[in-house]
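Sharing a structure below in C-alpha cells format, with a few things to ask.
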Amino acid sequence: AQDKEIRIGFINTFSGGASIYGKHQKDGVELALDHLGRKMAGLDVKMIYGDDQRKPDVGRQAADKMLKKDKVHVVAGITWSNILAAVQRRVIRAKKILISTNAGWSAMAGKNCSPYFFSTSWNNDQTPEAMGHLMNQLKLDNVFLISANYQAGKDMLTGFERFYKGGVAGRILYRLGQRDYQAEISQIRAVNPSALFGFVPGPMGIAFMKQYRAAGLHESIPFYSVFTIDYMTLGGHGKAAIGTYHTSYWNNSSDDPVNRKFIEDFKEKYGYHPSMFSAQAYDMPMLVDSGVRAVKGDLSDVKGMILEMEKADFKSTRGKFAYNTNHIPIQNFYRREVRADANGDPEIVTTGVVFENHKDSYYETCKMKW
Amino acid sequence: MAEPILRVEGLGKQFGGVVATDNLDFEVLPGEIHAVIGPNGAGKTTFVAQISGMIRPDAGRIFFDGRDVTQLTAPARSHAGLARSFQITSIFKGFSALQNVALAIQAHSGHSFRMWCPAGTDETLVAPAREILGRVGLGDRAEVTAASLAHGEQRQLEIAMALATRPKLLLLDEPTAGMGPEDSQQMTAFLGALKGDYSILLIEHDMDTVFALADRITVLVYGRAIATGTPEVIRANDEVRAAYLGEEKALA
Amino acid sequence: MLTRVKLICLFLSAAILLAVPPLAQATGEDFYVTLFARIMIFAIAAVSLDLILGFGGMISFGHAAYLGLGAYAVGIFSHYGITDGFLQFGVAILGSAAVALVIGAICLRTRGIYFIMITLALTQMLYFLGISLEEYGGDDGLNTDRSEFVTALDLYDDVTLYYFTFVILVVCVFIMHRLINSRFGMVIRGCRSNEDRMQAIGFPTFRYKLAAFVISGAMCGVSGALLANLTEFVTPEFMHWFRSGEIMIMVLVGGMGSLFGPAFGAAAYLLFEEWVPEIMELVVSGSGQNWQFIFGPLLVILVLFAKQGLWGLIPGGRSNDG
Amino acid sequence: MLEVRGLETAYGQSQVLFGMAFDVGPGEVVTLMGRNGMGKTTTIRSVMGLIPTRAGSIRFEDRELRGSPSHRIGQQGLGLVPEGRQIFPNLTVRENLVATAANRSGSADPWTVDRVFALFPALAERANNMGNQLSGGEQQMLAIGRALTTNPKLLILDEATEGLAPLVRAEIWTCLASLKAEGQAILVIDKSVEALTRIGDRHYIVERGRVVWQGDSRALTADEDIQHLYLGV
Amino acid sequence: MTWLLLLEQILNGVQFGVFLFLVSAGLTLVLGIMNVVNLAHGSLFMLGAYYAATVFGWTGSFLLAAVVMVPMALLSGIAIEVVALRTMYDRDHMDQVLATFGLILFFNESVRLVWGAESQPMPVPDFLAGSVEVLPGTPYPVFRVAVIAVGLLTAFALYLLITRTRVGMLIRAGASNRAMVGALGINIQLLYTLVFGLGAILAGLAGMMAGPLQSVEPGMGEDMLILAFVVIVIGGIGSIRGAMIASVVIGIVEVVGRSILPFAMTGFMGEDAAQTAGPAVSSMLIYVLMAAVLFFKPEGLFPAKTG
C-alpha cells in the first residue's frame, strides 16, 4: 500500500534551557514547508516534533516512538552530538533516512557513516578548520586557544590546528556550562597573544564575551570565534560582539535569491532574524523533497530517494553544493564579522570566502555499507 | 561487701565554662536502688548521659560489671547491660506501643541483619513485648501509636523500653516526671517490685518516691557529691537541706 | 496492611503490565512496549530509592549515580565486546554496591540538609568524571549492545527485554517487601523516627543505615543496567543531578514509605511526560513543549495536598503498608 | 475575664474534650486538676488556639477568641508556660526572654529580663548559653520567665513545676503567690494538689474532657473522697 | 606562571567568592535560618536578572532597574511563600525539595513564555564600565569591583539583622518552634512571609549583578543554585559568617585550582593528558572540598550554635 503522506519526525530540544536551538530550527523547517506548499511530489507532509529535553535517552525514546508509533519515513533534527549518537543506530537499523540539521558528530562522517544518514549542516571540525585557515591568511601567529572540555570542544581544536600553521601561545579547556571566566581572561592577558581563537557556544559564549569586553581585552587581543556568535545569540551579546570575527558555512549576506527569500520570509513570518541553525533546518525539507520527487512519491523506494538526495539537487540557502561520499556537504566557508549598523546595533556581515568547496577530513575513513 | 555493679572514678565533664560533673566518685551495688538528687542543673542528666555513653566524659573512668566501659559506645554499653530512660520522653512516635518495646527486645536478640522474615509476627519479639507492656500497665494500649498516648503513658513506655533490653542496671532519669499522684504511686510501687532483680540508679525530684525506694541517696550540687548515705542520714544533713530539700520536705 | 481497594489496583496494574506487549502488537503500537519497559526500569530505581528515602529517612539527592554506574557497567563491557549478561549485571550490582558503600560511609556521618547536599555533591563528581572519560565517549556517551544471558533469552527482541524487566521489577518489589518488614526493616524505620533512642536501646545504627544505603544502591544499579539495555546507549547524563531529582519525584508522587507507591510514581511521571505534551498539542498546537509549565505547579499541589502520594490517595490503609 | 463554655476538641478521630467549661475572674487564681490524659493540656492548647476546636466558645474580656489565630490570642494578653517547656533551643537564654517581650497588661513596672534574672538567679548565670544547653529545670524556669516578660493579663501554667527541685518548686509557688498578690490572674495546671489548694481560689477537676467537680480550696480539702476518686490522692 | 599572575588569580578567586556569597545570601536566610530547602532560589536569581534586564533595556538606567527589581522580587518571593511554602515549614526537607523543584520547572517555563528562549541583552552599565588598576599592570573591571562592594555590604547588613535585632531572634525562634512563637503573640506567619521576601530580594540582587557579566536566559539560576548550596553547607547552615568565609574559600579553590591545575599536572603527566585531566579534576574540585569538609566537620565549618 502506497503511503498518501510523508511523515517526517523532527527531534530537537524544545523544553528546558537549550530549547532556543529547537525553536530556531523548527521555524526554519516550517518555513521550508510553506515554500513547498506543504506537499512533496503531491504527498501531504506530516511533521512529528519530538522533544529530547537535551537528554540522550529521551531523544532515543522519541526516535523509537517516531519509528514505531508514527511510522515516520524520515527522522531529522538533532542539535547535540551525544543525542545523535544515541539516536542514529536505531534509525539506521530500521533503514530509515536520518538527517542531522545541526549535530556534526565526527563519527557519523567517518567510521559510523551510513547511506541512510545525511547532514544539512557540517562536520564539527569544518568551521574551526576554516578559522585556522583564515588565521593563516591573516598571517596571525602566536594565537591563544580556548575551548570547552568535552568531545565537541576537543574536535574544534583538532580541526583548528589541522589547518592553523602559526604558533600556539597557550590553550585552555574550560568546564562545560562555566559562567565565570575571569581566571581564564587573566591567564590570556598574562600570555598576551596576538589573537584569541575560541569555541564558546551559546550562553557560555555570551558570558565569556561580556567578561572579555569588561576586562578590555577585545581591543588588544581580537577574538576569533566559532559557534559563539550568530543571529541566535547576537541579541544576548549586544554590543559586546561588535568587532569580532567568526567563520561559518552560511553566507547570510549572499544575494542568492533563495537565501534572500528565506531571510525575508523568515523575518516576515517569525519577526526575528534567522540564525544559521534556521538556515540548516530550512534545507532539510528541501533535501527530502528532492528525494521524494525523484521516486515519484513511492516512499517504499528508500534507496531511490537516497541516490537522488546524494546529488544535493535542491535550492539551498547556501547556494549550490555537493554531497561528499559520506553525505557531509562539500561547501564554502566564509569569514563573517560583527559590525555596528546604521543605528549602532550589531549586525553580522560576511566579508569573504575562506574555503571553496571544503571537504571534511573524515570521508576517507568512511566505508558506506547498505 | 559485694563488688559494685557500677563504679565511677573521678568523672569530670565541662561544657564551656559550666562544670557539669566535677571529679565524681560513685557506685551502685548489685540489687540496690541508688538515688541521685540535686538542684536543677546539678549535672544529674549529664551524669547519666556519660554512664550510658551518650556524652564522652572529659576525665575519669567508668567500670560496669567489673570491666572498664569508658571507651564503649552507647549501643555497646546497652549490650553490656546498661539501660536508660530519658528525662524528656524519647520514643518512636510513629510506632505502636508494642512495636516500640519489640524493637528494644530485638536490639538484644542477636544482630538485626535478618532481612527476610517478618518481625511483626515474630513471637520471640512480640510475646515478651506484650508481657512487659502488661507489667508497666500499658497492656490494653499496646496497639495505640505512641504519639497519641498521654504524657503519663509515654513515661511508662519509656520504662518499658528500658526493661525490654534486659538490663543489669537501670538508669532512670525522673521516671515520674509529669505524672499525677496516682500514677506516681503506681510507678513507685512498680519500681519497688523491680528491686532486687535489677540494680537501679534513680534520678528523681519527687522526694516521696525517693525516700520510699532508695537504699542509698547521693546528693549532687554543681556536679559534686556533697553527701551520700541512707535516706535518714540525708534527711538529717543540714547542707542537703540548705542546698536542696528546703525545710518542709525534710521535716515531713 | 493493604486494603481491598489497594489490592485491586495492584492486581489491575500487574495485569496491565503483563498485557501491554500482546495488546501493543495487536494494535501495531509496539512503541508502548519500549515505553512501559522504560517505566518499569525507573520503577525499580524509585523502589530502591524509597528504601533509604521513605523508610530510612535518608534523603539522598544522588541516586542517579547508581543508575549511571549500572549503565556504564554494561556499556564499558560491551565497549570491549564483552556482552555476557551475568558478568555485566553482576558487575553492575557489585560496582554500584561498592560505590554506595564508599559514598554512604562518607555521607552517613552527616544528617539532614548536609546529607542531601553531600550526596548531591558526590554524584556531581561522578557526573564530571563520566564527562572526562574520553575512552568511553566522554559526554558523547557510548553506544552499547544488549546483554546476552542464555541463547533462549534474546534481549534484542523488545518483548523479551520487556518481560525480563517485568520479572526483575517483581523480584525487586518482593525483596523490598520482605526487607522492610524484617527485623532489619524495623531498625531502618526506627532510625528514621529517633536515631538517638535506637542507639540507647543498643543498635549500632550506622552499620544498619549503611547496609540499607548499599542495598538501595545495588538495586538501582540493576535498573541502570536495564536502562543501558533498553536505550543501547549510556551517557553521563544518567548521573546528572536533575535525574536524581526526577527519581525523587517519582517516589514522592507515588508515595514515600510505601512499598508499591514508587512504582506507580514512576509510571505517573513518565506517562505524564509522554502524554500531557500531546494533549496540550491538541489544545494549543506548539504548546506541548511547555508541559513543564503544567507539571511544576502540579508537583507543588501534590506535595501540598497528597502527602501520601498517589498510592495514599487510593482509599483506605496507611501508606506505610510495607 | 476568661470564660470557656462547651468546648469540644478532638485529635483526628479521637475526641478529647466534651463540653469543657470554666471561668477565670480578674486577679483570680484558678486551677485545673485531673489524672493523666484527662484533657487539661488539650484544654489549654484549645484556648491558646494551638489546635482547632469543634464547638464551644472562648471569651476573653468579652471578646470571642475561638477560631482566631494563636498570635491574636497571645496579643490579647494570655501568657502561656506550655507543658514540656518548649523554650527556643537555638536562642540564648537572654534572647529567649527578649525576643517576645512586651507589656500587654500595660503594667506600671512590667516584668523585664533583669526582674526575671532576679527571680531565677540560675538563669542569670546561663544568660549566654543556648536554650538547649540548659538543664530540664533551668529550661522550666526560662519558660516561666519568657511568659512573664510578655506581661500577660492572664498567666497560664501547664505543669510548670514538673521536674523542679523541691526548693525551686517552693520558690515558684511563692513567686506565684506574690504575683497573685499583685493582682495577676493565673490559670494553673499541676500535679501537686496540696500546693494548688494553698494558692488556688477555685478549682476545677477534669475527668475525660469535662469538668466533674468545682469549688474552692476549703471544699476540696474537706472532700476527701472527691480527691481520692478523681486525683487518686 | 608568574607570582603576579598567581596573585591576580587569588584576587579573582576572592571576587568570585564574594559573588558566590551574594548568590547564597538569600538562601542562607531561607535555608539556614528559616530552615526551608528552597531550590527555587535559583529561579528568584533568574527573575531578578530578567526584571533588571528588562527595565535596563527600556530605560537604559541601571539604578532605575535596581529600584524596580527590588519590589518585583519582593512580590515574587511573597507570592511563592504564600502559595507554595507557607504550609511547608514544619514538613520534612523532602517535601520542600520537591515542591520547590516543581517551582523551578514552572519559573523556567514562565520566563520562556514571557521573554522567549533567547538570551536577553544586558550590558555593563556605562558608569560601571572600564577598569581600574588593582595590581601593577593588571587593569580590573570596575563592575567586578562593584560586585565585591555590594556583596560585602549585603553580608554586613544581613549579619546585623540576624544576630543583633529582635526580628533576627524571632526568625531563629520560629525556625525551631513556630507554634510557640505564635502563642507568645507574634504573627510569625507574616514575619516569615516578609523574611522570605527579603530572601527573594537578595537573590534578585545577585541576579541583577550577574546579568551584565553572564547570559540572562531561562535556567541561568541552576548552576548558581548548586554552588549556593555548597557554600552554605560548607560554611555551616545558618551561619552568615560561615557562608562568607566558605564563599571566599570556594571562590579561591575554584578559580586558582582551575588556573594552576593544568600546569601543576603537566609535571607528572604528559602535556596533553594534563590539558584534559586538569580541567576535569578542577571541575570536581569544589565537590571534593565539600565532601572533605563534611567528612571532618559534619556540621560544616561554622555550625550555627543550635547544639
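So that you can tell them apart, the chains are marked A, B, C, D and E in the order they are listed, and the count of residues begins at 1 in each.
The rule we apply is simple: a residue touches a chain if its C-beta (ideal position, glycine included) is under 8 Å from a C-beta of that chain, and two chains touch if they have at least 3 such contacts.
Everything quoted here is computed from the prediction, not taken from an experiment.
Path length between chain B and chain D in the chain contact graph, taken as the least number of steps between touching chains: 1.
Each chain gets a centre from the mean of its Cα atoms; the one farthest from the centre of chain E is B. Greatest centre-to-centre distance from chain C is found for D, with centres as Cα means. Our note on geometry: chain D versus chain E, Cα centroid distance of 45 Å, whole angstroms. If you average the CA atoms of chain C and of chain E, the two centres end up 31 Å from each other.
Centre-to-centre, using mean CA coordinates, chain C is 51 Å away from chain D. Centres computed as Cα averages put chain A at a distance of 75 Å from chain D. In chain C, the residues that touch at least two other chains are 128, 131-132, 134, 290, 292.
For chain A, the set of residues that touch two or more other chains comprises 15-16, 19, 149, 154, 175.
Residue positions of chain D touching 2 or more other chains: 133. Applying the touch definition to every pair of chains gives A-C, A-E, B-C, B-D, C-E, D-E. Within the complex formed with chain C, the residues of chain B that make contact are 52, 54, 73-76, 78-79, 83-84, 86, 90-95, 99, 102-104, 106-108, 112-120, 122, 125, 161-162, 164-165. Within the complex formed with chain E, the chain A residues making contact are 15-17, 19-20, 23, 149, 154, 171-175, 177, 179-180, 182-184, 186-187, 189-190, 202-204, 206-207, 210-211, 213-216, 232-233, 235-240, 272.
Within the complex, the chain B residues that touch chain D are 15-16, 18, 37-43, 45, 87-88, 148-153, 174, 177-185, 205, 207, 243-246, 248-249.
Residues 14-16, 19, 22, 49, 51, 55-57, 60-61, 64-65, 67-69, 81-82, 85-86, 89-90, 105, 107, 149-152, 154, 175-176 of chain A are the ones touching chain C in the complex.
Per the touch definition, chain C reaches chain E in the complex via residues 53, 57, 59, 61, 106-107, 109-114, 116-118, 120-122, 124-125, 128-129, 131-132, 134, 241, 245, 248-249, 252, 256, 290, 292-293, 295-300, 303-304, 307.
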